[in-house]
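Same chain, two partners: chain A is paired with chain B first, then with chain C.
On to the complex of A and B.
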């Protein structure tokens, strides 16, 4: 019976440690739920698909573009509003609209804990092109 | 229930008749469907390289430069890291069997322009474990760089040495990046793509377009009146290692 205080203290410590994520999140202001500070394109108002779709499925769209363009040779994308786009991550996505990829894709990916996609190891973004120009 | 022998025979006979009837109906249906769609036309891009015209200007490498700047091909000083899309090799190495002791005197060291042969039956396609390289409907053998895992089986299978491996990041070795064509990364195999991205826009291959002597003629080998077929009809042309049965689409007018 003399072990009771010891056991109780151990239990409290254990429960406290196990629930760290919960109360740490509640106490820390920085991890409060706010939208990531992404920078939207200045001139364009409409993406190649509705915003809600892009938010949830842009990776699917990019992959579909890739497979269709490279494997089936279908390089034109007809958007929901009837506009036609090249299925080209450089010209259509990055040089025309999201000129600062780090401030748009990067900030949200950082926020969501998504590792930077490897597309830009090969596909040129505007910075790469201007850096290498003479 | 009891079935007599007579009933059994009658029933099986009826069953067989019904089966035969179904087969007949399906065969008729298929025939009428097939005749309504025209046979698919085959396209096979190919090239004829006139070596005499190619030699006209000594040391000319316009086509090589045009290809390399179009496709962001890196230039490494170390030959072990060389990335080859289109390059030159002495005649005696390219056509070892197509010369005699006397012709070697003249021909042996003359440069021959080399590139991927875009074979009719490409061995690289057969060995690729991930389907990253394949022959398109238009005869061009391409690589899906997204799928390539860098195993280099295709390099071993290619009898023409047309494929190169990226041992290091190619970007620092590209003098000026063409933003319209993606570079590659370390760990993928690459080669000439017959300017497949230009063909899609209705343009011809960059090497052929850049040649002032018009030494490179490209076109559809399946179309009897295409320019390349006319050239091949009027001049004697050879392929590299035709005995292997790969069916190269690049012809050399010697």
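On to the complex of A and C.
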């Protein structure tokens, strides 16, 4: 009998916690909810793989490149459209196209809460002016 | 076999989700209408059941205890297993909810040389603990898809959970633990004849749904990878009631979503309500003060009584004439209630 207020308070707390995404989104109207636009390279139109594949699976591609180049010594990547690329992310990806790590990698990784890539534990990105602390 | 129907039901849901993404109309139905309905059923059903329980009368304490009651000062009471105060009951409940203390006392009966032997069986407790805690971690990690910006504690939790970074994407510890625990808990229902006998189709349904959710989630992360940013945009759109369905959603995502929606909608009707019910277990959340305090049933009907003192007063003259002994010679001093 006397426990009813306690039970109802607990239930309210539970409903409040479960509906966090709803009221969080309703209260904070300023933050854009859509995925941020990423800075695309000006001179190059086609990546080493189709955009849809890169969007979902770039981490596997990079890992495959690392394993094949470092362990097997295969340094040539034949793309889906027949072009060949050097399996060297620093030269092929970072220096040529995606020069700004924060503006390219960081945007989606921050948005989707993906852990910071550990590529730069080994690869040098000191050429960047806007270097972010990992 | 009791497990076959729930297995077929889960497989049917998987097939439905895989086919539903082919047409735009059914895609909208699966990706917008079904999740909203499931959330509504979950919230309303959950609240309805807890409120029903809250209005159930609890006229007295049920002293099912596992230790010495508070008694004479020189007898040591078991303040945790048999609490006499509200604070003690709170501590017992905290340990019950966080560490499943009742399950720790689980035991198993076996025939050993034609004798019945009861032994400890801690594996159910361990499996349940591993499953529930990793499920909590997984649910909290999913907040990264529902909140923008991602809260710091969610990022920290993901980082800690994925600290055994094996390849990309990182393998989460909670994922490994939850698969192991679910496989054990399912195998347990098949292995032991006693547990198999008392298992109902609904027990299997909850397990198969959870297994389906976990497996589809893992496949989505490691095998059929999806565009996480697009998924987050879709999830946030659902949360603020401005759903925008992408032209194509990966079938594996729809399977995951429909299985989660099914579990959420099924939740209030099932034994999964132990999530709310554990807080309302009368044998756990009430202090055992039955002897030190008088508990009067609050809706007791006022019973008309006629005490001996009243009877003697009523027949005083006749009792005196018959020379029967009176308990109270001085009738005028009796105080009646």
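By our rule, the second predicted complex is superposed on the first by the 103 of 134 C-alpha atoms of A that agree within 3 Å, B and C clash if a C-alpha of one lies under 4 Å from a C-alpha of the other, contacts with A are read in each partner's own complex, and residues count from 1 in each chain.
Just so it is clear, a contact is a pair of C-beta atoms (placed from the backbone, for glycine too) under 8 Å apart; a residue touches a chain by one contact, two chains touch by 3 or more.
In this text the structure is predicted, and so the values were computed from the model without any measurement.
In the overlay built on the shared chain, the residue A:91 is in contact with chain B alone; chain C does not reach it. If you count the residues of chain A touched by chain B and by chain C, you find the higher number for C. Using the contact criterion defined above for the overlaid structures, shared-chain residue A:122 touches chain B, although it does not reach chain C.
In the superposition on chain A, A:44 contacts neither chain B nor chain C. Where the contact sets of chain A with chain B and with chain C meet, they give residues 118. The touching residues of chain A, counted against chain B in their complex, run 66, 70-71, 73, 75, 90-91, 95, 118, 121-124, 126, 128-129, 132-134.
Across the complex, chain A meets chain C through its residues 1, 3-4, 7-8, 10-11, 14-15, 18-22, 24-26, 28, 31-35, 52, 55-57, 59-60, 62-63, 108, 110-115, 118. On the chain C side of its complex with chain A, the touching residues are 43, 46-47, 50-51, 53-55, 57-58, 143-150, 154-155, 158-159, 162, 165, 167-170, 225-233, 235-237, 239-241, 276, 279-280, 298.
Listed in rising order, the residues of chain B touching chain A in the complex are 136-137, 142, 144-146, 171, 174-177, 179-180, 182-185, 200.
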